[in-house]
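Data first, discussion second: the structure below is written as structure tokens.
Every chain is named by a letter (A, B and C) in the order it is written, and numbering of its residues begins at 1.
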Amino acid sequence: MPDAEATSGRAARLPSERGEPAEITVDGRPVGCFAGETVATAMLAAGVPAFSHRNGEPRIPLCNMGTCFECGVTVDGVPLTRSCLTTVRDGMRVETSER
Amino acid sequence: MSERYDSIVVGGGLLGAALAWMLAREGARVALLERDQLNQHASGQNAGSLHFQLEYRMVEHGWESARTAAEAMPLHLEAAREWAALGDELGESLGVAQQGGFMLAETAEQVEVLRRKTALEQEWGLDVRLLDGEEARRLAPYLSDSVLAAAFCPLEGKADTRIAGPALARGALRLGAEVRTRTEVVDLVPAGSGWAVHAVERSDAGERMLRLEADTVMLAAGVWTTRLGQLLDVSLPTIPLALMMSVSAPTAPFVPHLVQHAGTKLSLKQTGNGTVLIGGGWPARLPLAADGTPELDRRPTLLQSSLVGNAAAAIGVVPRTASLPIVRSWVGTTTVTPDQLPLVGQVPGRPGVFVATGGSAFTLGPSFARSLIALADGRPPGIDLHPYDPARFERLSHARR
Amino acid sequence: MTAAHDLVVVGAGPAGAAAALAAADAGLDVLVVDEQRAAGGQIFRTTPPEFGGRRKLPTGYPWAGELLDRARSHPGIAWRHGATVFGILPVAVDAAAGADASAGPGSAGFDVLTSDPADPARSGRVRARRVLIASGAYDMPVAIPGWTLPGVMMAGAVQGFLKSQRLRVADRVVLAGSHPLLLIVADQLLAAGARIEEVAIARGLPSPVELLRALPAVPGHVRLLGELAGCVLRLLRAGVRISTGTVPTEVLGDGRVQGVRLARADRGWRQTGPARTVDADALVLGYGFHPSTELARQLGCGLDWDSAQGGWIVRHDAQLETTVAGVHVAGEPSGVAGAEQSRAEGELAGLTIAAALGRPVPERALAGARRRIRSASRFSGVVQRMFAPRREALLELATPATEICRCETVTRGTIDGFLDENPFAGTADAVKLACRSGMGPCQGRYCESAVAGLVAKARGTGVGQAGRFAAHIPVKPVPLQAYVALADDPPAL
């Protein structure tokens, strides 16, 4: 059971049972996570500063329920995939979107 | 008491806005009346293609109809010049980009269509040349290997349908024209040497009847033209054609050209803000009234066959579009006439009333506007408008009576 | 020809689950489509199965566990999770054999278009004789300067991460809003180890008159109120500052939230005093909810503007049928009223649809569902009145440089400027077409009310008169290839 990752200013996993460890890549960098997590959770916990850009401005999830599309990333080649609705899969390739 | 104008323009699409601006520029006192908001219908909802090659719909019905369609080429050439200069004249951008357009062939028959079509267009003076697949992909690396040949016309491109109409209306406003939205014309009657226009002005407070007078009335009402003709007891037949368009989320620029197809309905282009517009004339279903006539004031319904067909056509020649996120598919209702030629000219038997609509009225809108104003002033219109004379249908309907 | 489901329900929250269960109990063949991985909607989100552990549901709704369990195991209900309904089309009457051509659109049923974001190839269509829109609600957006900075999140988002992912989104948090959910989220964040820097409530304390009016509505909802009282108590005990009559005026930060400016507001929520800065890593906004009405709009259903019920809500009759025959609505899209009422509406919708399709439905069951709606609406009515957002005042938090449309980065200045220069424009859709506000991937969900508010202010009309954005297929973006997938016969489900 992982401990709360209390790093200043950033999202942290709470002490809780989680799934098996997994790994995805975000813009080519490995990001550790756990089965059952959403891509958004994995990216927030890893401190990814921007999921997407709008007119150059960084954005991270706003609604976490699939309506705002600010968490849209490219998952295994499919752009504008909502990371808040997508469950991680070991080896998944995620790219943040530049615009 | 009624208000008096030199000219009243009915309809707030691109053509109406262009008319109001051009009239105001000549010093006329102008009122533009629009029943809805400006630019809400065909003018704001079409793809904004500036296409001058013959379209698929013109070549799909055989060679005779292609020859007839080619007779409108002078109008297209005039429009190409018009659009190139319009933004500068207005002093506002209309989002015009003329970086060339392709018409693609994926089969041997389509290559043959392109070959004959290109030769015909060249006869009429259009700058267009035939490329093989390799040459086309060198100019347009986004094209799939299935493209065997392409006709390329460097004049083609796009205008921004979102901004062109309103920009012209603002231009008219700056020159003193009046622009009245939510104002529907309900009657047109002769008054003195001109016309009285009766209209209902709607607001949250309710409705108010207006009576406006003018020397000339310009009908720029698209699919509603026929209804206005009925007010004048004149047959101005139009056929509403509900067509589907789709637009993607913005993506990095990769398609600078207009892309059309010789064997299927397709138009594809990328706008200045990165969205990709996909259309080409795929039909939607117009709601029908109990008597079987189309109801123009209700929204048409998308057809699944069109969603499938348009997507497949786009992905076939530009494979990268497969993963593009589509944000909206919508329906615009364009206007054609029974003989596929536009209606441009004086309304028969109603001196002082002029009309233009039908067929590529966005691409040709500025040319239509200039021609109507010339006619109204008693000047030669610059292009031969005889094939588009609205009287041709009036004669038919009289013959039937 | 593929067999049609009797009923396709869009949304698996309290309304959708209750409707599916009632309809299936009455003998209908039901399919429920939902974007989440499990039934329950936003309110009953739980951790994924991979996490193991026991399901935890909010204590205020004792019926939730049984409802979800019964619905999930019902043989008459098929589930399609992780799928987005991106449009619904009436089946063309001439295309459906034996259909009555005079019966109008929808009489031959509907094609429900779905896409699977994780696997676009699995997109397709499902035929339904009737459809129920039970698509819930989303947090009401409030455009304030800096609200696009990473670290500004909606209350529902923060709660969703806590409940279903066991993730705390930030260490030091300011919460601002007016809806009771804000206090629940503050309490949950506190329990999760966050430091609550301040809770800024826009309204003042309830007046004695308001409390008196609220009393008759309480019976039956004691648990809910008790839960809320417990939240406040725990927050106060932990020394959390809860400021009433306070609004956020700006979010500060470079690349992420670093602070929030808060100011005193009058009873109408308008800023009265100078702003002060509170350091924080996150700002959580909770001013209420907007119903998700996009499918109803796309289908051409009538809608009405009702600010207290969440804005644009789907017009319906006593049977919860919309103005488009065969299309029904339940839960928040019929007016935001909470889980209790959503469940009761779902039940009624499920029963009336079953009756309309010829299944025997006891009058007693219908009467029971109607009684539960009435009872729930007494409470929700009070909540709506007490916590109704002051939209005009919230709109004034946006400065000319504030982004109204987050997707297309359209500022208030741009929209106000357009309205100034184009006196002939007077609807939200006219602004959308000209300024692009509402044309991005969220399709206007997060800017529509502000755009309409600016139009209403400029033209001296009401927000309702400024109109709403039209909704088109796809109501949520899908890859172009999802269209091609519609070509095949609907996949067997």
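Simple rule for what comes next: contacts are C-beta pairs under 8 Å (C-beta built on N, C-alpha and C of every residue); 3 or more make two chains touch, one makes a residue touch a chain.
The structure presented is a predicted model; accordingly, all values stated were derived computationally and were not measured.
Asker: By C-alpha centroids, what is the most central chain here?
Answerer: C
Asker: Sort out for me whether B-C or A-C is joined by the greater number of C-beta contact pairs.
Answerer: Comparing A-C with B-C, the pair joined by more C-beta contacts is A-C.
Asker: Determine the centre-to-centre distance between subunit A and subunit B, using the mean Cα coordinates as centres, and give it in whole Å.
Answerer: 45
Asker: When the centre of a chain is set as the mean of its C-alpha atoms, what distance in Å lies between subunit A and subunit C?
Answerer: So the centre of subunit A lies 23 Å away from the centre of subunit C.
Asker: Hey, how far is the Cα centre of subunit B from the one of subunit C, in Å?
Answerer: 39
Asker: Spell out, as numbers or ranges, the residues of subunit A touching 2 or more other chains.
Answerer: Residue numbers touching two or more other chains: 72, 78-80.
Asker: Could you pull out the residues of subunit B that touch at least 2 other chains?
Answerer: 249, 323-325
Asker: Could you list the positions in subunit C whose residues touch two or more of the other chains?
Answerer: In subunit C, the residues touching two or more other chains are 120, 440-441, 477, 479.
Asker: Which subunit A residues qualify as touching subunit C in the complex?
Answerer: Within the complex, subunit A contacts subunit C at residues 4, 6, 8-14, 16-20, 34-38, 40-41, 44-45, 49-50, 54-55, 57-70, 72, 75, 78-82, 84-87.
Asker: Quick check on the complex: what are the subunit C residues that touch subunit A?
Answerer: Residue list for subunit C touching subunit A: 35-37, 42, 47-53, 82, 84, 117-118, 120, 138-139, 148, 150-154, 156-158, 160-162, 165-172, 192-193, 255-256, 281, 292, 406-409, 440-442, 445-446, 476-477, 479.
Asker: Per the contact definition, I'd like the list of subunit B residues that touch subunit C in the complex.
Answerer: Interface residues on subunit B, with respect to subunit C: 12, 34, 37-40, 44, 162-163, 166, 169-170, 173, 179-182, 204, 246-249, 273, 278, 285, 287, 298-299, 301-304, 307-308, 310-312, 314-315, 321-330.
Asker: Report the residues of subunit C in contact with subunit B in the complex, numbered from low to high.
Answerer: Against subunit B, the touching part of subunit C is residues 87, 89-90, 92, 105, 111, 113, 120, 125, 300, 421-427, 429-430, 433-434, 436, 439-441, 443, 461-462, 465, 470, 472-474, 477-484, 486-487.
Asker: Quick check on the complex: what are the subunit A residues that touch subunit B?
Answerer: Within the complex, subunit A contacts subunit B at residues 72, 77-80, 99.
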